[in-house]
Amino acid sequence: MSQASKGEKHEAAKDRSMVLQKQMIAEHYERLERAPETGEPVVYTFVPGNLTELIRAFGALPVLPEINALQSGMRGRSRDFISEAERLGHSEDVCTYVKCDIGMLKSGNIGPTGTRLPKPDLLLLSYTGCYTFMKWFELLREEYDCPTVFLQVPYQGDGKLSAEHRDYIAQQLRGQVIPALEKVTGKKYDDTIEAELKRRLALAAKAEDDLVAVLQSAKKKPSPIDAYFGGVYYIGPIFSAFRGTEEGVAYYEALRQEVEARAAAGKGPITPDGPLDKQDYRLVVEGPPNWTHFRQFWSMFSDWNAVVVASTYTKVGGVYDFGFRHDPDDPLGTMADYCGGCYTNLNMPSRIDMLVDYIEQYSADGFLINSVKSCNSFSAGQLLMLREVEKRTGIPGAFIESDLVDPRYFSAANIKNRLESYLQMVDARRAERAGGGGGGGGSQGAEARP
Amino acid sequence: MTEQTGQTEQAQQAQQARERIVGWARERYEDLSFGHARRWCEEFQAKAIGHLPVYAPREIIDAAGMLPVGILGGGDQLEIIRGDAFYQSYICHLPRSVIELGQSGRLDFLSGVLFPSTCDVIRNLSGMWQVLHPEVYVRYVDLPQSDDRAIAQRFWEGELRVLMRDLGRVAGLAGPVSDDALRASIARYNDVRRVINELYNLRREMPWTVPTEELYLLLRAGEVVPPELFIEKTRAYLEAARATPDRVRDRVRVVVTGAFCEQPPLGLLKTIERAGCYIVDDDLLVGNRLLVGEVETEGDPVAALARAFVERARETSVIYEGDVDGKRTLLKRRAEAAGADGVVFAAPSFCDPALLDRPMLKAGAEAHGIPCIAFKYAENSAQFQQFREQAGTFADAIKLWGGQ
Amino acid sequence: MSESVRCSVGIDLGSTTTKAVILDSEGHIIGRGITNSRSNYDLAAAVAREEARISARFGLLRKEVERSAGRDVLDQLLKAFRLSQTLAQLARLHALIDDEIDRAVASALRRPAHDAVTLIVSRIEDEEQAWFDAPDERAGDRSDFFRDAAGSAYMRFAEEIGDPIGASFDLLAGLYDKCIIRVENEPLELGFRDHIGSALERIGSPAAVRDGIERAVSVTIDEVCTVGTGYGRARLPFPKEQIRSEILCHGLGAHAMFPATRTVLDIGGQDTKAIQVDAQGIVTSFQMNDRCAAGCGRYLGYIADEMNIGVHELGPLAEKSSRRIKINSTCTVFAGAELRERLSLGERREDILAGLHRAIILRAMSLLARSGGVEEQFTFTGGVARNPAAVRALRQLVRENYGERTLNISPDSIYTGALGAALFAHRDVTARAAAAPAEPGQQAGEAEVQR
């Protein structure tokens, strides 16, 4: 903990991108708070399969309950919110994002930046890669007197989005989602709106280019970014309300410049414990982070000079690093492709392929699965992924368990023990391969040897 | 005198017939190696296709000349040796036992397995199956969720046609399953649904004639035998059951809901009834009667099967409910239709569909003055003491005060 | 001439016991020590280390004494040493209890209490002396803990002489409970020099032994490198590079004990670990139980409490089972309920216990499968490895699922982690030495594992 608080001082407050992001988010929440007066329609939706360009083209504002839940977790409010929801009859077994959101709603609906969240005018249930989404909005629907529009995104059970499934999504967009947006905004989906949508899709693609450049910068040694703990900040704008916006484009331009400057200078990322220029372990991570102990969790890595070079969690709101970009020339088709391609909508073999690819492309020393109790979409099957990735890469993986926003499921001692054991194992194997004494010291010990 | 003796003899024969049929069903329920299904495949030189809960279009498997086999977990008799290695402690029990069945070779007679959309655990299990059993046909079956019927119909028809094509190939047919074969199969499954409805009707009208344990065993057997055999046995059971009613007991009438994918141990169902509740409606194995009413046997059978689902599927937690009032009134409607006094929520531990639905359904029921209790179980739960006490208290409260 | 032995030390700070192992410059074990972890990890580490140093000194002179006076004399010496140590601790206990009586006992009861305790202590002394005199008793046959040896004797005598009207059993037992912890927390009288002299006298000071002892006492044990591991390792005042995870240490320790080991299963009180190691003892993969402690040693403790028997009685009782009952709950919380329900249904305790042991081992089997299976050879460590019913269940399940495997269980398995840590320390020293110019070699007398 002492390290985390020491880290506060290190916070990369100087980074322009950080300032920008903070500003954008604050402005967005303020705008949301004023929405009841300004009359801007509010659409609640989910991160995977979010249709931000479309919502914005209609002049509506998106609210993403997952983001609110994770922010509540980071701000230490989630425990109370979850307790509140459980008190109201929600099972301890189910997703804590849902309970955190409902608890927040029942506690006055004050958002992460301290402003009140407006009621939704529309619940846009983009059913993408997560069964719980369906129940989440069925539950919210009980609280708000507003329409719900359902968008089913078929799962890539065969490892690809078939043409029929793509059409199915596009049909729903045209036949259900757009009419629902027309109704709540009072605007017709005419040429003007379509032109606006296309403009925004082009902005999205531009930011996506920059994001991919940032994520792929981790192929360098040392990596100028941490693609997991730092990565969740980098994906913040594009996964939430800012894809297809000018602010979003500006943010990613700034971010890319910073990262490229760090890369050119041979510098690593800034962690809660300061700059991580000396990197002893390059890791790939599967699964969402824990939010309630985010900094402490990060410190466990940076304490060991471990940097994450690629992660799957940073693909939940869209997988861009295998070539997909939003295409302004085919608005509905491209939104269908986007939704269908989000990480949690991929089947197990595809997820295994992706991890193997990352380990190879990013020259990783190891990989780690953070298995969160809340999210079956991620977690069910991760032990098989572990086994398969180990088999295919010959690199052993680490398996740790926590939760998204329920602090009761974060056992620092247990996680630290596993992580340290794992890194020491990587070390010992490395020393052994290098023909050293085998199993010598930690990173320092390893270095001490010629 | 002779007439009376005749009656007694008849009753005795009926009782024996009932016991024989229940014994037949129990044997199939308890056989974790699917010996009967295997023998059927050998005898008829046919293949078998497995499917997980909740709903799978068994008609297409049957029409391809293959045996549909419901995979419903390992219950409380299967020892999990390999399955736990694949799952964290916070994941429900069913996929562990299904993996166990697979890894131990008990499912090696299946030429394919369908994984209908139920929840993310079953969804991911489909991919695990692709990795663990690359030799069998695996398909994740995304059910239509859109509340626009025309769009949903088009999608689901497309999905069913993929199955017609793929299962035709798996069965070794020259092409896709034929429309004629599917029509014939639909007719058979209309009969299946009809006898199941008769069984439910009889239990609803005279629950003392059809203990839920027996009903459940029959339904479970129906998951692993050809439709004709299930129909024959169930008709015989209905006849025997009508002839041998148990005495009427002072029990309250309840709807049991929430038990749809991971199956409750038999002991739980028995416990609820013995504690003073007649189960008069439930959604156990609801997939076998998910389609309400007859599926048309005229015209395009794929379209007909798709339409039946899109337009007339029974509500379950795995299908999106577009109508907010539909959800709020669901249990009121079910309790009224069944003449039930209360609702028992029996959800598997860590089951997202059941547990996320429960607060909404419970609030809806209670808003209509219907008393509710809630349990959590696992397919291998072995202690029923707490269920007995709760269900008993629940029954007593309803008898004394009419609930509330 | 004063000799110096360059040693590597491994300390395993476990949740219940703390172990220390000392290796000579060749990497051979020359000393081991064990103590209760108590609440004070620093002290536990110091005590275990001191005990290991003592046994190391015995190790150093063992060869000498054995050569000049024979093995039996050495064992006599060891026994004498243990006796001296126990008597010193007993005297300390007596003094503390006397203080406590004067401080806390009602004045009317003080006299009878003093008398009773004096009587008890003298009887224990007699018993200790008798143990020493008995030629058939070996030094290694006793528990390592003062509490185990003297404590049970104290209770036995207290029960015998306790007077319901005067110094009652409850009073005497209460006094003991108050003071025993303090005795255990004082490493004061453990010093080798303090006891070896009196031990030597006790066996009659044979000249052949005296020379060896003289040498051993004068040798400096030079601890060149120490590596700490175990549950409490973060509490050790060592720099990070001197701390290794218990996974790594366990793997290497098991490899040292059984060099053909490829798979290690450790079931301890708090957690269960499945470890795969390569031919050099380096961990290649591992899995630990999740945050739920089901299936660990603690689960058995819970069951023992439920059944109101000692945890060490569980295994032997389960072995009497003729019909194992399938237990579904490995959840510690539900297991109690399932147990009670089954007992109320008239099921036999031994049959239920057999099922419970299998349930625990099934959990371990999952971890083993996750870590990569069970390879030849397979080594089982931890407290549960001493439970015959657990071993039997493991043997059977491994055979059914992986085929025939050699199952190694060492009676010294409790030292596995500390041994691994010591070996890491040794490797660090060797690596450092290889990097530095060669030093004039100095070999300590080679000693084997003892005690």
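Which chain is which? They are A, B and C, in the order written, and residues in each are numbered from 1.
Heads up, the rule we're going with is that a residue touches a chain if its C-beta (ideal position, glycine included) is under 8 Å from a C-beta of that chain, and two chains touch if they have at least 3 such contacts.
For clarity, every value in this text was computed on a predicted model and none was experimentally measured.
S.K.: Which pair, B-C or A-B, has more C-beta contacts?
M.R.: Pair with the higher count of C-beta contacts: A-B.
S.K.: Which chain's C-alpha centroid is most distant from that of subunit B?
M.R.: When every chain centre is compared against subunit B, the largest gap points to C.
S.K.: Hey, which chain is the most central one here, using CA centres?
M.R.: Central by C-alpha mean position: chain A.
S.K.: Centre to centre, by mean C-alpha position, how many angstrom separate subunit A and subunit C?
M.R.: Using C-alpha averages as centres, the distance is 48 Å.
S.K.: Using the average of all C-alpha atoms in each chain as its centre, how far is it in Å between subunit B and subunit C?
M.R.: 55
S.K.: Between subunit A and subunit B, tell me the centre distance in angstrom, where each centre is the average of that chain's C-alpha atoms.
M.R.: 38
S.K.: Specify, in ascending order, the residues of subunit A that touch 2 or more different other chains.
M.R.: Residues 383, 401.
S.K.: Specify, in ascending order, the residues of subunit C that touch 2 or more different other chains.
M.R.: Answer for subunit C, listing residues that touch two or more other chains: 290-291, 370.
S.K.: Where in subunit B do residues touch two or more other chains at once?
M.R.: Correct list: 85, 88.
S.K.: Can you list the residues on subunit C that touch subunit B in the complex?
M.R.: 290-292, 294, 326-329, 334, 337-338, 341, 362-363, 365-370, 397, 400-401
S.K.: Report the residues of subunit B in contact with subunit C in the complex, numbered from low to high.
M.R.: Of all residues in subunit B, those touching subunit C are 76-77, 79-82, 84-85, 88-89, 378, 380-386.
S.K.: If we count contacts the way the header does, which residues on subunit A are in touch with subunit C in the complex?
M.R.: These residues of subunit A touch subunit C: 383, 386-387, 390, 396, 399, 401, 409, 411, 413-414, 416-418, 420-422, 424-425, 428-429, 432, 436-442, 444-445, 448-450.
S.K.: Would you tell me which residues of subunit A are touching subunit B in their complex?
M.R.: 88-91, 93-95, 98, 125, 127, 130-132, 134-136, 138-139, 141-142, 148, 150-152, 154-155, 157-158, 164, 168, 171-172, 175-176, 347-352, 371, 373, 376-377, 379-384, 388, 401
S.K.: Provide the residue numbers of subunit B that touch subunit A in the complex, in ascending order.
M.R.: Per the touch definition, subunit B meets subunit A at residues 85-88, 90-91, 95, 115, 117, 119-121, 123-128, 130-132, 139-142, 144-148, 150-151, 154-155, 158, 317, 320-322, 324, 327-328, 347, 349-353, 355-360, 362-363, 376.
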